[in-house]
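Next up, some structures in structure tokens.
After this come two complexes, each holding subunit A, first together with subunit B and then together with subunit C.
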Partner chain A sequence: MLFYSFFKTQVGQQVTVELKNDLAIQGTLESVDQFLNFKLKDISVVDEERYPHMISVKNCFIRGSVVRYVQLSPPTVDTALLQDAARREAQSTQQQQQQSKPPTAATNTTAIATATGSVS
Partner chain B sequence: MADTLVAGTAGNSASMVEEPLDLVRLSLDERIYVKLRGDRELRGRLHAYDQHLNMVLGDVEETITIVEVNEQTNTQSVNTVNRKVPMLFVRGDGVILVSPPSRSS
Partner chain C sequence: SYVDQKVSVIMNDGRLVVGTLRGLDQTTNIIMQGCQERIFSEDEGVEVVELGLYMIRGDNIAVIGLVDENKDKELDLENLRGIPLPPLKH
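On to the complex of A and B.
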């Protein structure tokens, strides 16, 4: 959820989204969701001579999975805050993993016991 | 021996390495080298990452390697294109490896 939260702070900023097919689209970030799909408004294609297909497109939705990069403007990014958030995220995902381990093993044993019990 | 191990496990989690992503965590605020799909490489300062290896890098230099084969002479030429990006989000599904930058770069 770290980058979802991060991109929510970028809403309203000018960004350049570079896709896996090398198309680069510049525009204002309108919204973002948990899959890192983006909606951009007032868009322009960075290399219009090579990609003239979208000249008349003003707004677009970009599926998260086709994104390679998003270029951001540095003054809008609080790097110290980002690093803190990344450390917290790393810690919380690790804790979730540790919590989920012991119950899984226990559940399996009971499941086997129940299964053998029901057969006999 | 066992005691030191136990003490290590109970020690502060910030400097501990027990899973691969901990190595990435220790690279936060350091310059790193990232190899990507499509013959792309990045060098930049790591500001954030998550379990998918989505990342935000600062002062990034991207190197794209293009290998061209000349069919007449049957020779290969390797061209690299460099470009700089001040602040870049990288989607994790393109990442192949993350490492400290080599000393030559």
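On to the complex of A and C.
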């Protein structure tokens, strides 16, 4: 959820998405979803001469699973805010893990002993 | 939404398919009508292969581009040269 929220703040900014097939597409971020799929407006392919495939395409949808990098503009990114959000997310994930912690070996053996005791 | 419009789909294996998007779902499985595969090469013009009505599974889709019909009509496919798109590398 963290990066989904982050990208929502980047909507309207110029980004360059580099895909796992080495294609790099520059454009304005129109929207993002929970899978980190992106919709870009007014795109231009970086190194258009090698990949004329998208010449007649102005807007596109990029599946999150094929993204390798998303290049952003540094002044548009509040790194302090990001760090803070990441810290909070890490803390909440830690708390979740502690709450759903599986029973340890010690607690297991006492449970088995009491069960057999009651049967006999 | 791109439904009922001409779209250009780049697949994970580097193939390019153009057609009319008729439907899609959450996992981006799509239905495309009147599909044409466009095969690029460095020495010959673009080869077009007519495919008809296709369902493409979302796992294999990389990009769905909205085609500007006017710009697409201006394309001189016979004289267009380019290298085939590389397949996906994870």
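Please note the rule applied: the second predicted complex is superposed on the first by the 101 of 120 C-alpha atoms of A that agree within 3 Å, B and C clash if a C-alpha of one lies under 4 Å from a C-alpha of the other, contacts with A are read in each partner's own complex, and residues count from 1 in each chain.
One rule holds in what follows: contacts are C-beta pairs under 8 Å (C-beta built on N, C-alpha and C of every residue); 3 or more make two chains touch, one makes a residue touch a chain.
These numbers come from a predicted model, not from an experiment.
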Partner chain in contact with A:20 - subunit B first, subunit C second, else both or neither: both
Which of subunit B and subunit C A:37 touches, first, second, both or neither: second
Contacts of A:50 with subunit B and subunit C, given as first, second, both or neither: second
Which superposed partner A:79 touches (first subunit B, second subunit C, both, neither): first
Partner chain(s) touched by A:71 [first = subunit B, second = subunit C, both, neither]: first
First (subunit B), second (subunit C), both or neither touched by A:8: neither
Which superposed partner A:60 touches (first subunit B, second subunit C, both, neither): second
Interface residues of subunit A shared between complexes with subunit B and subunit C: 20, 65
List of subunit C residues in touch with subunit A within their complex: 2, 8, 10, 12, 14, 16, 28, 38, 40, 58-59, 61-68, 71-72, 74-75, 80-83, 85-90
Touch list for subunit A against partner subunit B, complex: 2-3, 6-7, 20, 36, 64-65, 67-74, 77, 79, 82-83, 85-87, 89-91, 93-94
Sites on subunit B touched by subunit A in the complex: 13-14, 19, 21-22, 25, 28-29, 38, 47-51, 54, 56, 58, 85-91, 93-94
Residue numbers on subunit A that touch subunit C, as the complex places them: 19-23, 25, 37, 43, 49-63, 65-66
